[in-house]
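For reference, chains read A, B, C, D, E and F in written order, and residue numbers begin at 1 within each chain.
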Amino acid sequence: MPYVNIKVTQEGGPNGTGPSTDEKQRLVAGVTDLLFKVLGKNPATTFVVIDEIPLENWGMDGRQVSTIRAERA
Amino acid sequence: MPYVNIKVTQEGGPNGTGPSTDEKQRLVAGVTDLLFKVLGKNPATTFVVIDEIPLENWGMDGRQVSTIRAERA
Amino acid sequence: MPYVNIKVTQEGGPNGTGPSTDEKQRLVAGVTDLLFKVLGKNPATTFVVIDEIPLENWGMDGRQVSTIRAERA
Amino acid sequence: MPYVNIKVTQEGGPNGTGPSTDEKQRLVAGVTDLLFKVLGKNPATTFVVIDEIPLENWGMDGRQVSTIRAERA
Amino acid sequence: MPYVNIKVTQEGGPNGTGPSTDEKQRLVAGVTDLLFKVLGKNPATTFVVIDEIPLENWGMDGRQVSTIRAERA
Amino acid sequence: MPYVNIKVTQEGGPNGTGPSTDEKQRLVAGVTDLLFKVLGKNPATTFVVIDEIPLENWGMDGRQVSTIRAERA
């Protein structure tokens, strides 16, 4: 009965505003399949929760991702 | 000083868009009371945080809940 | 399909080293029941994960709980 | 490679609707600097994620913060 | 720069006490690869953290997994 | 009433087995002070929880930190 939480920044995807519905489905299916293949975990009780984080709420290297992206643009 | 995080899918409730304010209050009161009764934890320092997750961001059985709900409809 | 995470300090319980097996069972049953009663959530797909945190790894008021407990002793 | 998650209520800040972009930047910089100074952690691989929680989704003392704030007003 | 947290019960694996080092490596590699393939995320800044939870600290269907396993034995 | 969770690998510190008690105290005090200075948050209701993660349970760049450390040794 695994629980998996995936946090990604709210960017990319078809509109630049984050993963599409289909991309999220591929994450859910991929993680569930991985846990079944590696550990034999039952897909029926494998939960996957995806959190999309605004760029200004995610920091790396002491700076917000919104700033990092603007510098590279 | 417990910290409790409750994650539910963003559905149900009075408008079908998730728990109502009152239902959230009942969750907060119920969890706080439970921790007091079972472990004697002080309500004043018991935190409860509720996260409401969009249906397409929650996966179970390798599929998004949005898909599971559509199939059953 | 709720997911609930309960974090408590590793203290109290029958030996002073944290909740007993039975106390954890009461937390699991109580939270699951609460989510069923308030939101109609299916117990079969309600997960509860309890984390027990060493006193020196939990801070409140700018101090470790291990220090707060020692001061009150 | 630390990972830090900061959860705050969605209030305060310049408009009363939560921390400003600049305040979030100061949190990101401050936490990253703290981990470097205390533990020597590399800022390049220090992640900071800020979650802003609606007042009715955060409980303390058995009541929602939205209720606590209204009572004090 | 995704962050992924995988929680599994502390069981199974070569000694029945949880995933082996190699199985954890396969989880890390698999999740990192999935995020690269589906969302183009840079593996260098993809973090994966695995938590192994004692059976009596994980509840499902209102009961501890330790109890569920004992009933099935 | 902020809640802060700091996850670090279980290494470094005086014995190479993770942060010392004093280092953790400095993290708790530093984060609490930061939230007070930047957002005016009350230290009395600021919680800080530190998780120390075994090296083989933390992955970066598709590999376990235990492997990364061994390669650099």
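Just so it is clear, contacts are C-beta pairs under 8 Å (C-beta built on N, C-alpha and C of every residue); 3 or more make two chains touch, one makes a residue touch a chain.
This one's a predicted model, so the numbers in the text were calculated from it and none came from an experiment.
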| item | value |
| --- | --- |
| Chains touching both chain C and chain E | A, F |
| Chain whose Cα centroid lies at the greatest distance from that of chain E | D |
| Self-contact between copies chain C and chain F, residue sets same or different by half | different |
| Whole-Å gap between the CA centroids of chain A and chain E | 16 |
| Centroid spacing, where centroids are CA-atom means, of chain A and chain B in whole angstrom | 21 |
| Where chain C touches two or more other chains, by residue | 1, 3, 7, 27, 31, 45, 47, 49, 58, 60 |
| Interface residues, chain E side, partner chain C - complex | 7, 53, 56-64, 66-67 |
| List of chain B residues in touch with chain C within their complex | 1-9, 12-13, 19, 23, 26-27, 30-31, 34-35, 38-41, 45, 58, 60, 65 |
| Complex contacts: residues of chain C adjacent to chain E | 21, 24-25, 27-29, 31-33, 43-52 |
| Contact footprint of chain B on chain F as seen in their complex | 1, 3, 45, 47, 49 |
